[in-house]
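Every chain is named by a letter (A, B, C and D) in the order it is written, and numbering of its residues begins at 1.
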Amino acid sequence: MSVLVEFSMTPLDKGESVSTYVARSLEIISNSGLPYKLGPMGTCIEGEWDEVMAVIKQCYEKMNSDCNRISISIKADVRSGKTGRLEGKIQSVEAKLGRTVNH
Amino acid sequence: MSVLVEFSMTPLDKGESVSTYVARSLEIISNSGLPYKLGPMGTCIEGEWDEVMAVIKQCYEKMNSDCNRISISIKADVRSGKTGRLEGKIQSVEAKLGRTVNH
Amino acid sequence: MSVLVEFSMTPLDKGESVSTYVARSLEIISNSGLPYKLGPMGTCIEGEWDEVMAVIKQCYEKMNSDCNRISISIKADVRSGKTGRLEGKIQSVEAKLGRTVNH
Amino acid sequence: MSVLVEFSMTPLDKGESVSTYVARSLEIISNSGLPYKLGPMGTCIEGEWDEVMAVIKQCYEKMNSDCNRISISIKADVRSGKTGRLEGKIQSVEAKLGRTVNH
């Protein structure tokens, strides 16, 4: 089982520069021990359902401690009988194309 | 505190008609007792973080019991000091416009 | 052909109350003549690809005229040989359940 | 102006393995000449509004030519006075953390 999640969490009441808040979330994600990958529009994490949701909840509780309004986006792709999809999905597309791409 | 969530959950391995699976999720949501609103692209639920996430997990476990690949989208809008936002957000826009709109 | 789109567009640099900006978008959507439905987390529009994308672009240009940072979410569900899905998808779920639900 | 978009486009009527269809989209993106970055859950592109939307439309038209039902997710982050954010946003988070992270 692989639950692959991309999520982003942004305060709406802290002005247009929010990287301080993103960095706090990333610290939590990094400390979780789950495999992750930071991207330009969100962070991907892979694990079991309860594992990834526990990390997202921790990020939420931290942000909720000093932000009045928070916007959260979570996309999950769940697939039975697969693992290692943080890298595997990209490799699968590259295999179909017969070449590497920017990633 | 109001955690307002819209989510959709779709199997990728069951062909293009998926309303049977959406109906199963809606049964779970309806039985949860949380206020909800079914829309054309997802279902909105309002509650505390743990309440809404518990409902989404139940929907996930049901779908995961007989689907091999599942795509999930969750958007959350969290706001301190507010409640009743399933209706309140729409009313707030209508108040700004000075008239009702389709909803 | 039915391109059913739900979208939300939010300034990040205008504080936590953004209904003024949502109302401006809704005015544009309403004036487009396309069928639409305002929900708690976004607005659904149905039409051809170019039609719905033209409306979203108009909303973007208006918001971009006085906001420095904008967050946009667009989800589309495209299905051949169908129309009227703003209402049809909800009715289809209700038919499977054998009863009406909150919508 | 920087319009940074992450999008994914998936057929719902082609079974659980969809990398063939993702590869076709990536070919179009790569040929567009716009800076892009393939991730586990979507592809990020940066450009002007019309540029990125033209690429997404091309991907849509290709997929629509042989798929009956398509699910599309587009997230955009628009910011005035910035460019190079495919890499810049990640670097900004790393600068706040004082160290590199997985990306």
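We take it that a contact is a pair of C-beta atoms (placed from the backbone, for glycine too) under 8 Å apart; a residue touches a chain by one contact, two chains touch by 3 or more.
Each chain and its UniProt protein: A, B, C, D = Thiamine-binding protein domain-containing protein.
Source: prediction; values computed, not measured.
Its interface matching that of B-C in over half of the contact pairs by residue number, A-D stands out among A-B, B-D or A-D.
Annotation: A-D is the more contact-rich of the chain pairs A-D and A-C, by number of C-beta pairs in contact. In whole angstrom, the spacing between the mean C-alpha positions of chain C and chain D is 20. As a whole-number value, the distance joining the C-alpha centres of chain A and chain D reads 16 Å. Chain A and chain C have CA centres that are 25 Å apart.
The residues of chain C that reach two or more other chains are 16, 68-69, 71, 73, 75, 77, 79, listed in rising order. Chain B contributes residues 4, 6, 8, 16, 19-20, 22-23, 26-27, 30, 35-42, 44, 73, 75, 77, 79, 85-87, 89-90, 92-93, 95-97, 101-103 to its touches with chain C in the complex. Taken in their complex, chain A has these residues touching chain C: 10, 12-13, 15-16, 18, 68-69, 71, 73.
Here chain A touches chain B in the complex through residues 49, 53, 57, 60, 64, 68-81, going by the rule given at the top.
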